[in-house]
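One chain, subunit A, appears in both complexes that follow, with subunit B as partner in the first and subunit C in the second.
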Partner chain A sequence: MSDYNQQMIEKYRGNFLKEVEANVEEGDWVKMCMQCGVCSGSCPLGPHWEHPPQEIFMMIRANKREDILSSSSMWMCTSCYNCIARCPRGLPITHIMHGLATYAKRLGLAPKEQPTAKFAQLFWDNLTKTGRVNELKLGLSLYFMNGFGEGIKTALKMKDVGLGMLKTKRMTPMEMLGGHKCKDVKGLQAMLKKAEELEEARIGKRG
Partner chain B sequence: MSEVIATNQTILVVGGGISGMTAALEAAECGKQVLLVEKNPTVGGRVSQLYKYFPKLCHPKCGLEINLRRMKANRNLRLMTLTEVTAVEGEAGNYSVTLKTSPRYVNDNCTACGACADAVEAEFDDEHNYGLMKRKGAWLPFNQAYPFRYVLDPRIIGTPDADKAKAACKYDAIDLDMQEEETTITVGAIVWATGWRPYDAGKIQPYGYDRFDNVITSVELERMMDPHGPTGGKILRPSDGKEAKDVAFIQCAGSRDKNHLKHCSRICCMASLKQATYLPEQYGEDYKGTIYYIDIRAIDRLDDFYQNIQKDPNIKFVKSKVASITEDKETGNPVLHGVDTEGYHRYSNPHDLVVLAIGMEPSVPADGFPMEVVINEEGFVELDEKNGAFFAAGCSSDALDVNRAVQSGTASALRAIQVVNRVAGAEG
Partner chain C sequence: MAKKSYSFYPGCSSQKAASASNYQVSVDAMCQELDIELNEIPDWNCCSASIGYAGGGELPRLALSARNMALSEQAHPDQDIVATCAACWLATRETQERLGEDDELLAETNQALAEAGLKLKNDKKIRHMVEVLIEDIGYEELGKHVKKPLEGLKIAGYVGCQTNRPFGIHGESFENPKYLDKMIETVGAEACNDYEKKVSCCGGALAFSEPEKSQALIKDILESAYDNGADMIVTPCPVCQMNTEVYQDQINAKYGTKFKMPVVYYSTLLSVAYGKSAKECGLDGQVIRARQLEEIAGK
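This part shows the complex of A and B:
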């Protein structure tokens, strides 16, 4: 567990709602939930959530810190916005779910084998290297995300899609050698670094 | 029409529902001159469309009967039906009000024999029954209508039906030359009691009121219970006319929702609990009721009523706002989907019939008042000094049950009386 996590536990001892309000995007809204259940019932991925949003909001109030932050639930959110459209209280549920996921990751509590979390990291690493998404590498790393055997199987299954993309020039095997990039990779990376610093400073101030 | 005489000591009451009738009667019985205007052909308002009243489960008919008797007996009270207010100018103690009266095409010779209705062929949606059945182009709005006189629908004027109606009437009561009239009067104070209308259920997209036959509203269920209503007093499924013995009620349909009405409509919890008693009344012990709710708002003395329903083993309470409804094509059953709050269980429950406990929306749109008045974000008229001598009563002021609507009618009458008393004092 990270120092940062320990630091937060001590700071908000016993008041997870306050912690969420201060550290999670749109966390201020959590207390507005009236527990009607419409969000959970409207989510197309609903049955796959360990704790649907309505329950998460109650758990926050009930101080179930570890249970929530280590849960795979909020990683299930696909940003379809059904819940936001229907919540009678206007809670920005989608944003809160992403906020919780981000916070859990920052604290080092996000579930290690959660596919959404893993893919998000792959995507980010892939994109920030050159400023352009390398479809070939991203695709392959996605296939092999769950081990070599799985990867071969998926690659074979997706073969036709891959060939189709090659034919229509949506992908080229040359991408394997570094791949295309944006004009100023250094500049982009400097920018991202600066953003990271600003974010760190902001968290430091808030947290 | 006879000339309307009113002075700045007259109180104008707009809307002849239970709150408007109360306000008008209380003021008139205190000796004040009162003019009551109602846009429909009869007074009575929404309570005349209810089957029973909570909490006593008595029939609204007797309350209405008493009020009508008081009205007939009072010489200070004058009634204009088919009349709306189109403009108001002036200030407290001295308003100039313009009224527009639509023609009834039937004068006071009418004995309500009904010969005109028999003669006319054209039929229209019956407003009193929320369009669940048809009525003739010459009709009596309902069997306790007051004035107890028939009305001709303007849509038959100029057609052979109008002439048939005229020919059928033995009392020379039909006057096809009646015209719309405009009247300007002076009054000292205005009580606004135009009430409410059911929220448009079709706007609650996930519930499919406009797509599924067996999803109805609470106001429609009240009409089904009326022996003279569209189903002859039976709870029947619109899709196949079969008895609905497994009925679901969805609370807060259109209320407490930032996408619809923001306010709690206050009466719909009690209305569904009341309607749950309609099931044993119809089916003895062979019924099932399920109430889907966020929280049940049966306050004060009404809590007893709630507790009694909770004791009924055939009525189930599910703490959950239903997320969506689909339809089982084979059976026509609506299927309710959601997650409950007591355990977070996901459900998909079929029922014979779903009743949406529909919210109450104030009747007059915020921008539709004939003068400038202070209105809150829910569309109800505030009690505010800026409104001068314009006082809201009943559901124009808030979502109220009959008991509170009557109290509010009396309160507004008192406020209006104070204004006209001041005027009288000043004039010596």
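This part shows the complex of A and C:
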């Protein structure tokens, strides 16, 4: 368990709602939930959520900290915005789910083998390297993210999809040699670094 | 009509030899006909779409879109920002909204932007290409340019999620937005008016990380189009397009279905109807060939 996690446990001493309000994107909305359940019925991958959004909001109040943060549930969010469109209280549910996922990751509590967590991290690494996403490299690292043997299997399964994209010129092996990127990658990376620092400082100040 | 100019954010998938490069080709053909000028934002970066959150916190993600907006303010001060990708449009608009509501966040964003020598005023409109077509051009004008009506075609308008929620197109409902249907009719084809899966989710980015779960969603979207007698599906979103098109073989293998349903963009329909060649309309970019459109374009 990370030091950061230990720090947070001590700081909030069993008040997980307060912890969420201070550390999770749009977290101060959680208390507005009236438990109507509309959001939980809205998720496209609903049957695969261990704890649907409404339940997560209830569990936050009930201090089920570990259960929530180590859950794969938030990582099942497809960002479809059904919940936001329907919630009678106007909660930005999509963003709270993303925020909980980000926070769980920071604390080192996110499930290790969660495919979307891994893929989304690959996506971020890919884009911050050059400023733009290199679909071929992203695809390859995706197929190989579970190791070489698994990767070959997935790559074979996806071979026809890849060939279709190649044939129609919607994918190119040239991307391996660099491909698309921003000119001012340096500035972009300095900007991101600064944003990270500012965000950390702000979170430290709060709560 | 006079020329209309916009500051254009193409997004990663629209780049040359990327997954939606054919979208860009058809958009270019369509804009040429309608006298729309798209000025690419110089040195734009990826918006981190809807899945940047695993690696980046709120402020770094906002900064990514803010950089594009600041570059646009600098290069094209009097032009609205226009995006063709649903996720790009959404991420940029959300950034604008959040920074507009929170001065502290805007100040921090500007501190980060200063590292790249930029500054954001945050006073631009962020629009989807579909909004430009409907609001600035209008259905009537869109129809006037039709040279080859797409007669006899029945098309399912698949709107999906992110062009529809949370912002959507002004004047449309979340449950049953009509703009794609109206565009289908504008080009002389018939719309599937009772397409049940019109606003259902295809899994988005999770089609990569959770292929089986997402393909179950995609199967329903295809099936509903098929049951409504559609010859093809049309969409405004590059993720929707790719997800509903390229996995059909895998879905057929798993579910014993026989889908071979072309999935095109609204810009494909418009450019074909405007008499552009198959190549100009990006029809060579179809993994599942849209033969009926090829035939019309070849006439």
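Everything below uses one rule, namely that the second predicted complex is superposed on the first by the 202 of 207 C-alpha atoms of A that agree within 3 Å, B and C clash if a C-alpha of one lies under 4 Å from a C-alpha of the other, contacts with A are read in each partner's own complex, and residues count from 1 in each chain.
Please note the rule applied: contacts are C-beta pairs under 8 Å (C-beta built on N, C-alpha and C of every residue); 3 or more make two chains touch, one makes a residue touch a chain.
These figures come from a predicted structure and were not determined experimentally.
When both complexes are overlaid on chain A, the residue A:45 reaches subunit C alone and has no touch with subunit B.
Ranked by how many residues of subunit A each touches, subunit B and subunit C are led by C.
Contact with neither subunit B nor subunit C is seen for A:27 once the two complexes are overlaid on the shared chain.
When the shared chain is aligned, subunit C comes close enough to touch A:84, but subunit B does not. Within the superposed three-chain model, A:55 lies in touch with subunit B and out of touch with subunit C [touch as defined at top]. Shared contact residues of subunit A with subunit B and subunit C: 85. Interface residues of subunit B, counted against subunit A in their complex, comprise 206, 252, 256-260, 294, 320-324, 337-341, 344, 346. Contact residues of subunit A toward subunit B in the complex are 34-38, 40-42, 46-47, 51-52, 54-55, 85-90. Across the interface of their complex, subunit C is touched by residues 25, 44-45, 48, 76, 78-82, 84-85, 94, 98-99, 101-102, 105-106, 115-121, 123-125, 127-128, 131-133, 135, 139, 142, 157, 160-161, 164-165, 167-172, 174-175, 180, 182-184, 187-188, 190-196, 198-199, 202 of subunit A.
Residue ranges of subunit C in contact with subunit A, taken from their complex: 12-13, 15-22, 43-46, 48-60, 62-64, 67, 108-109, 111-118, 161-162, 164-166, 174, 200-201, 203-206, 208-210, 213-214, 217, 246-247, 249-250, 284-287.
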